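These are the structures in question, set out in turn.
Same chain, two partners: subunit A is paired with subunit B first, then with subunit C.
Presenting the complex of A and B:
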């Protein structure tokens, strides 16, 4: 079994390439839609090599996404897992299913926080078609602010969140109004480049202004949710059906969920939200019906920033963090999520965030060398990024036009 | 180069050579000077990639770091006593090659990505490189740092080495910028789709520029860090990338030499601000200096988007001040159109479209469309909005792949070929919305297709032909203006001039008359007729039926993705299907279905 499996994986990429190249040619002459054929050929080739490709090549069936893309993708994942289990028989992830389950639920909980973070990025993008390269810094700003507020008071972390939200909202609006106005007003030649460089510059400023305020690059541990119990919840660990959950993390996840639900309500149930979505769909048409796209941009940027700040505020009482490392790492997570889910899609941001949360938790928990797990936790995001870019650049819930 | 332009460069070079003799008093200062030169090298290569080619990659520093680490690891693994392989220069070359390979892979991966997506991916790549270097401490030493073999000679020699590298880099980078590759890179930056339509292989160009700059930055990194005793993951910090961006923007993104000057000045400034003493006060800004750099970047972008140094460099170089565009009357602007017979040649026209199919998602945009072009003609392509006209043009010219059917050019299957290949095979197109290379001069706009179509032609001849085309369209007096400064009508003319340079047998014109002054409209009409008289076949999308009937000798009518009529205008005019489609009998009103939205969206990209 094992040598066969490994052989398959060494040969897998070769068969994958063969399938991706030759199946589309076959379909071109037979049925059309070579694009899907390329994907199917690549995936089936990787999964079962010639045994899957030969029947496809011979019979040229009508391709369906479920059967010819999702199924082989699942099979490949399964084979990879088998291979992993075989290579690391002593790994705790292989020997203890409950541990894996525990990692998954941790990942999902963290994913809820990631969703808050990423939905801010996606909101800004949908309204103005720019990506904020300051997003990670806003998360860190929220985190540092929370840390400082908690240090100087004895409130439960939840009660400082409104302050953080307002502060980051104002910060966002000021940046949008003063620095990003030319993008919105269309008064510059290359708005995309300008937005990238400008938000990147603001990011550098904010990063080192925060480091300067704290004195040095430091590791920060803020007061935990359970340090200042609310409703008498002060148990550090929650146990349920054999799974152990950190109470702090659960509370943070719950906060993330509440924020996400509130955001959905705002976007889909209020007129403000509807005007956002109108501008996102068609700026000119929105202008015709009397929506001021400039004001919408300011609001969206402010709310997007506030979401980042809130994510930081919710994270900090559950995890230790490092200034300034936190900025780049959270930023990368947000980018991976929005690309995975499709830029501009709120549902995509949620599902992408949950997925990334699980992938990261499994990488951190299962990486053969535990001391490196934390590093590759972040790096696993890049792998997800790469796969999405190659397979489906518009993301899984995005529109094809991006 | 003119003497006036060369003089400041010579003075600058002499000053830089004299720096260690005249001003430097300690080895530490020499280190800073060397770092300033290295930063200048980084900025030059990034300017080429981001400013000239428009590829905003944040993986630049990571590539330099990868080269340095590769060289260092090789140097540690191979004893220095082994000839060639153990030599420091071999390690350096190896580092540069590793950077080249990784840069090429990166270029290929990000091929389909533009703007922000590219920046996102490369930023993540750079950060993860750093994390991996920190984590794999058994190999890289992690934060404990890694010893690295030193280049022979002391700090003074190393200073001159970096100076030599800088000079060589400037020479190479400016040679590239002035070559046809540089022209194509700028065209790709301005509008990748149009560059492809003009016959530029943008795919290869993009990978090429990634590889090339990766090699250059890898070389710089490998050389520089072989003069620094130890490597730490700090060299991969995002802040280092931030510095390069600041230097490039403060210099002026499109001007590598301005970026280099900004880098040198700012590195020294950063060092000088370590301790500030004003009278009795002593301030140590420390980390706030970095925040200050962020502020400099933000303020420069907001207040002087073209950079601070670049305008000064241009002034020193004595570049001619651009005349402000006169708003003369439109007739004098166009002038009489005269056609040199030199541009005419023997043409064979054979384009066949067979059963073309296309759908976006579930929407069928084109169904079983077939027609052919076999002789010089002006063929109108008409139909209500959303009929699939632009989609058809995009399919034929290689911007979309058809879901079914075939496009044959000269009897050969060409569907699925890329746009530039269609151009080089003799099929040219324009875009519905006028798209010029805005930050290039009018003359350069024409040189792009000319040099792409005739790779071996010498520049002088190409310029002559471009000026000839400008004269034909009455744009001669605007040759040195930026295309972005032209009026809408002038841009239309520029687009036609580009087609003249492209000199293809078949032309697909997507609404060339849209939004054009009536007088100009007439001139363009005459021009199109002349293109036909020279033996070309022109397919013309147009909504104004008067224009269509006056110009075209054949009409093709599309409605809801199917071809409903094909023939002489008089027959088509009486065709009941056409009347139904245009006048809305049977409730068939003018629709703006999703297909049209898609097509226009694609057109804008």
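Presenting the complex of A and C:
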């Protein structure tokens, strides 16, 4: 019998569903607390079917995240990899581990860039509890502005980033102050819907303003980091341990990491960051201790959009920006990452972004039909997103109430 | 007093007549105009730059013809519609032009999928069409699997090269020019791409050349993963043929192919006609020295007087010389006008009959449609030859130096036009 069929009978999705349904019931009657039981039952069921579920059902042990969630997840991944290798022995991902490493490296680097894109959205959501539908447009705006600033100068892209950050910050503050004031002031009955509609409208306006400014929709690619080298880094490709890496992509990833670290420092090591987190936790309580939530609102939106602009500025020397498609592509990925990682969690956004980057890279790189792999690249990230949400609706690090 | 009154009445009458004449004059003169429908993409996901330039060229052609007195003494008027490269929009626009505008003929279109979506309407209405930049074989060859696209469509003409002809051109270079043994072929998922993939596969069948094909989606920011995979699974290709229908995506694919090492000093890259926009090319593909691009059309040294005039006006109006699709769009208007003039009629059947006997010098050469209702495509020959301009100018050019303009690029194929005779590829450092 084929290994795949064996897995389906003795483990796999059927036993996963049974474990997810029946183990919590057992825990509810025996321990009174079914927390983690559904997840553990689903994962161990998928990993080893009745051979894992039976002992759990019988002994009802205290469930620990590491042993009962992370371990079976790793085992399932291994099983699926073995099944894949058996079904596709000629696949390059099976026969060439260095190639897989290269794809993972690419995925992690691209993931860092995705994390930068998503960090602004995470900040805005965590403070304001609104999903900004202008996010993709601000990433695109940052990229286009960088392209325009570099077009007539010899500067390295890194030097124009502060200008882009300030420009998008000002734009963000103006939008928040003028258009989102009812949300901040609490004068509107349905603030969430209002914010969505308003940011959606601004996003469309910004998109076509950029298209109009550029003349027609085009592909925009700014001068590369290695075209205007700093510290003598001018090689577009460098090879290390058999892996071929694009220098511009690595530099963009490094810039993204710096931005991410700077944001984390701001949020967790400064008074400003503490005030953001206080307002995020409880606006009224924050007001009681003297934090002006209106000012925090503006600063958070401004910094969030500045981060989006900076992400665009970091990306455009490494990637081509198709205007206006880039807006939608970055927005979709940002929303997926923010929800995947847990709404409002910066750590979750980073993990979600790296995860998404690797999933996309491996899909394009390993799917049996290369053409379909390229097509399914974006869809694979969304599929994983759906699966994670089904299993853990609050994302990797979100709170259960979000 | 009576004289004063009659003077007043006469003046009032004259003024009324003048007013009526002024109001009705446009309507009256419009009724005399010959209305052409123009189609092309002016918004994404269509190739907007291409569509805009085609529209400009058609307007130039209409203006040039009207300056010479029009057609049959009547002015031409162009209604241009944005087909957006969305099949549902394309089909709707075809219906609008046929049912509402009642155009005499239709010219243009950039995207094959869009053209195919329009054809059923034109077939049903009997509207003469000269497609100027749609390559898919099915435009004139029909699709046996689709009853809405019969073979030998009676009113459909095409002046761009068909996919098979276009692909065979590059294949001829691959087989006879550089004598490649392994070809990596990347195209897109559009109707153009799928048609081209089939055409290349068929053309290389039986030649002994190893072929690996991959299709990609348009308008993605990066293609390094899939190209890296292609390089790993199919190493040491002699040619990387990057046949992407949309210019901006073509640039991205080419630079990514260079970045991941699919294109290197042993693997020749062949791109798409969009490389002709050398400013955009070098900006998006800074490492693109040694890449070849197909040129549908002529270099400026090969232009006739008419082409030189259009090109000069394009420089002034658009900031760059006219591209092949602009010349084709221009010529498509000339062809319809010539047919109406020779038919001495705006009747659709008369125009089609006249188109079939065309012998007209345009900007791109002398147009004829040798396979038609009087001379059907013989058995054994491809069906796309029906109502097809069989000698569209095609060349392969190579950028041999960084920053080179398209005009400075070196012609490497066909042998009759090679800049350096006998050199089908010029190695670069």
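Convention: the second predicted complex is superposed on the first by the 384 of 402 C-alpha atoms of A that agree within 3 Å, B and C clash if a C-alpha of one lies under 4 Å from a C-alpha of the other, contacts with A are read in each partner's own complex, and residues count from 1 in each chain.
Definition applied: a residue touches a chain if its C-beta (ideal position, glycine included) is under 8 Å from a C-beta of that chain, and two chains touch if they have at least 3 such contacts.
In this text, all values refer to a predicted model and were calculated from it rather than measured experimentally.
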Quiz item: Which partner does A:110 reach: the first (subunit B), the second (subunit C), both, or neither?
Solution: second
Quiz prompt | Partner chain in contact with A:339 - subunit B first, subunit C second, else both or neither | solution = first
Exercise. In the overlay, answer first, second, both or neither for which of subunit B and subunit C A:221 touches.
Key: second
Quiz item: Is A:321 in contact with subunit B, with subunit C, with both, or with neither (first, second, both, neither)?
Solution: second
Practice problem: Check the residue A:386 against both partner chains and state whether it touches subunit B (first), subunit C (second), both, or neither. | Solution: first
Practice problem: Have a look at where A:205 lands relative to subunit B and subunit C in the superposition and call it first, second, both or neither. | Solution: first
Exercise. Return first, second, both or neither, reflecting whether A:370 touches subunit B, subunit C, both chains, or no partner chain.
Key: second
Practice problem: Kindly classify A:244 by the partners it touches after superposition: subunit B alone (first), subunit C alone (second), both, or neither? | Solution: second
Practice problem: Considering only touches as defined above, state whether A:329 meets subunit B (first), subunit C (second), both or neither. | Solution: both
Quiz item: Where on subunit A do subunit B and subunit C both make contact?
Solution: 216, 329, 375
Quiz prompt | Footprint of subunit A on subunit C - complex, ascending | solution = 43-44, 48-49, 52, 189, 213-217, 219-226, 228-230, 232-233, 247-249, 251-252, 255, 259-261, 280, 283-284, 286-287
Self-check item: Touch list for subunit A against partner subunit C, complex
Solution: 92, 96, 99, 102-103, 106, 110, 216-219, 221, 224, 227, 236-237, 244, 246, 249, 315, 319-322, 324-326, 329, 360-361, 364-365, 370-371, 373-375, 377
Exercise. Enumerate the contact residues on subunit A facing subunit B in the complex.
Key: 28, 31-35, 130-131, 133, 178-179, 182, 188-189, 192-198, 200-209, 211-212, 216, 328-329, 331-332, 335-336, 339, 372, 375-376, 378-379, 381-382, 385-386, 389-390, 393, 400-401
Practice problem: Could you pull out which subunit B residues touch subunit A in their complex? | Solution: 54, 56, 109-110, 112-113, 115-117, 119-121, 123-125, 127-128, 131-132, 134-136, 238-239, 242, 245-246, 249, 253, 286-288, 290-291, 293-295, 297-298, 301-302, 305, 357, 360-361, 401-404, 416, 438-439, 484, 598, 601-602, 605
